[in-house]
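We call the chains A, B and C, going by the order they appear; numbering starts again at 1 in every chain.
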């Protein structure tokens, strides 16, 4: 256990050490690339400001991710329930994902203003496709023999959905959620770059303009922590929802 | 009580590349409370036959009547060949699945399931997940589920196929006991000749694809329990193996 | 077609922003061979974002950079090694722009209403000062960073005013059929500033003082030439940047002509002190540095 922690720590410490050494040896100025030590100091000094802005971005992410989850899930259900709709909608769905969300973010801001909702929509747009696709695949993951079994018991279509297809889709859904969570951090930040009064993306813009690159990195660090927090939270929920899977692996271990 | 009548059932499957004739013309009757085993070479269409009886498929021609002309789907208890325990449900919840689908009151169904678990030697494993159970235990849970479906006709597709000989023999004996006590109609599909002879009232031998009934062996007057070493059983086993071997030749 | 001699010294100059009519003399200088005549091969670099010019010049990745005087002072305050070597536009360009139909007639009307800006920390400080000058409480000032989408956000009504250049966005709004209302920053307590100066790393000034001097001379000539024959200069600009060949460029250029510095070497120490004091008062600068520390030795000539 200690060994595993040490190995993980090494993965963090070694690149940081190399970065620190490189910056010092090459005398890279702080306004081009600050050393990790400088970033750490800034992070601590500005922690309350970072936390304040972080809270704003976190709210945007949480709202966006929630909306993305609901919409993505519902879309997957609709695609499952209406195969003709799926055939018709598929090309549009794919095309919609080719448009970089960042390109339409400025338009969203014009329509929705500089408050929280433009960022929430950008975040939701980025997150909903991975969730819809994962859940859609998940709904198709049940074996034909399991479906046959339920049909042979006289199960209605609805019962097959609730007792078989939906529970079978959960592992895939969680994969999609974890992916969407990571993307949501990017979405909220980019939404803020287009126009904002606060948030970590906003802070990065202001800090960069003021040539405080250390603060830019400290903001990035904060964003990373938020992303990690989300991932861990999802993992915990996943472990509780899928405790049957954990039980199986525990037995084998 | 179930009265299953199958007349001239044909079934073919069409894919882009070829047409697969599964059943050529199969006809037989099953009386209530009878144990009928379908014996045949692998791939001869036995599973297709069971699926048609279960109502999952319709024959291309011919009739299948289970207790008259009402729709068949949902009126038998079907145990597929593959492992169909739902991994996210405990053993007990898996067994209660048919009761849930029927909408039966949960308390009574649970009590019945717990009792059956005890009878099946699964006491203490009600809360275990399938991944935590051995192969033999999983089969027993599936069999419990099949019995708990409260259907007169049980369709069992090679239920003991994946087990080692020792476990298999044990389960065969135990299955016979349970059937004797609960007296449902069983239609068993297997490729194990000995198993067919030890367990059944009647054995239907099917040809290879497209399947027809080749032989109908009545074992109703053979006393149970039957011993594998019994001369009569051994002789019959040899005869049937011979028949099957000739069927399997291209 | 201009022929460069084999011994022309390369000089890279990072612009302050995307190319616009403010830069006509520079592009004209290249197109008309004025830099080549001084033995210079000048390359104009377009920045990726607003903080690039100062960074690139300080780091030596660009030889010279064009940047607002206030941005230069803030960069220097952050420890960037930079000095001002010349003046390009010696008056203020900025202010607040609103639409007439929003009912805004003085800056005081903007209390509590969103104001969009793109260049931090400069703009927030300026607009805060302007509104404070007009009697608005600092709590009632609502500033929103809108990136480069200032005009769009103003026209869409997402904000009620934007930080703007009198010679660019104000004209742009007019050309789009709306009525602009412009409040000049120097009319509301913001000291008159040099809106664009040339900066460089002191090391470069020392090592290549002749090239820098030659460059500034050429710029001055180019400005004079642009004033004499504006149509020709604009034509050369548009030839190098055909995507800017439109009415906005022409109108904007007309408004800018009078704003170029006549004498790029001349700089008023008092003006520098005033601007620095303003920045200290709004908390963007630590202290007021002496004139000699801020400008290259050649620039020590005071205005009469």
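As a working rule, a residue touches a chain if its C-beta (ideal position, glycine included) is under 8 Å from a C-beta of that chain, and two chains touch if they have at least 3 such contacts.
Given the structure is predicted, the values throughout are model-derived calculations rather than measurements.
**Q** Go through the assembly and pull out the chains touching chain A as well as chain B.
**A** Expected: no chain.
**Q** Suppose chain centres are the mean of their C-alpha atoms. Which chain sits farthest from chain B?
**A** Here the answer is chain C, farthest from chain B.
**Q** Kindly work out which chain lies most centrally, taking the average of its C-alpha atoms as its position.
**A** Centroid comparison flags A as closest.
**Q** Distance from the CA centroid of chain A to that of chain B, rounded to the nearest Å?
**A** Here chain A and chain B have centroids separated by 48 Å.
**Q** What is the distance, in whole Å, between the centres of chain B and chain C, each centre taken as the mean of its C-alpha atoms?
**A** Inter-chain centre distance comes to 87 Å.
**Q** Counting in whole Å, what is the centre-to-centre distance of chain A and chain C, each centre being its mean C-alpha position?
**A** Here the centre of chain C sits 40 Å away from the centre of chain A.
**Q** Note which residues of chain A are touching chain B in the complex, please.
**A** 143, 145-146, 148-155, 159, 163-164, 167-168, 170, 242, 244-245, 247-249, 251
**Q** Quick one: in the complex, what on chain A touches chain C?
**A** 29-32, 106, 109-110, 113-114, 193-197, 202, 205-206, 208-212
**Q** Give the list of chain B residues in touch with chain A in this complex.
**A** It comes out as residues 51, 54-56, 73-78, 80-82, 84, 86-89, 97-98, 100-102, 129-132, 149, 155.
**Q** Would you tell me which residues of chain C are touching chain A in their complex?
**A** 49-51, 54-55, 58-59, 74-75, 78-80, 114, 116, 119-122, 142-147, 149, 152-153, 156, 158-159
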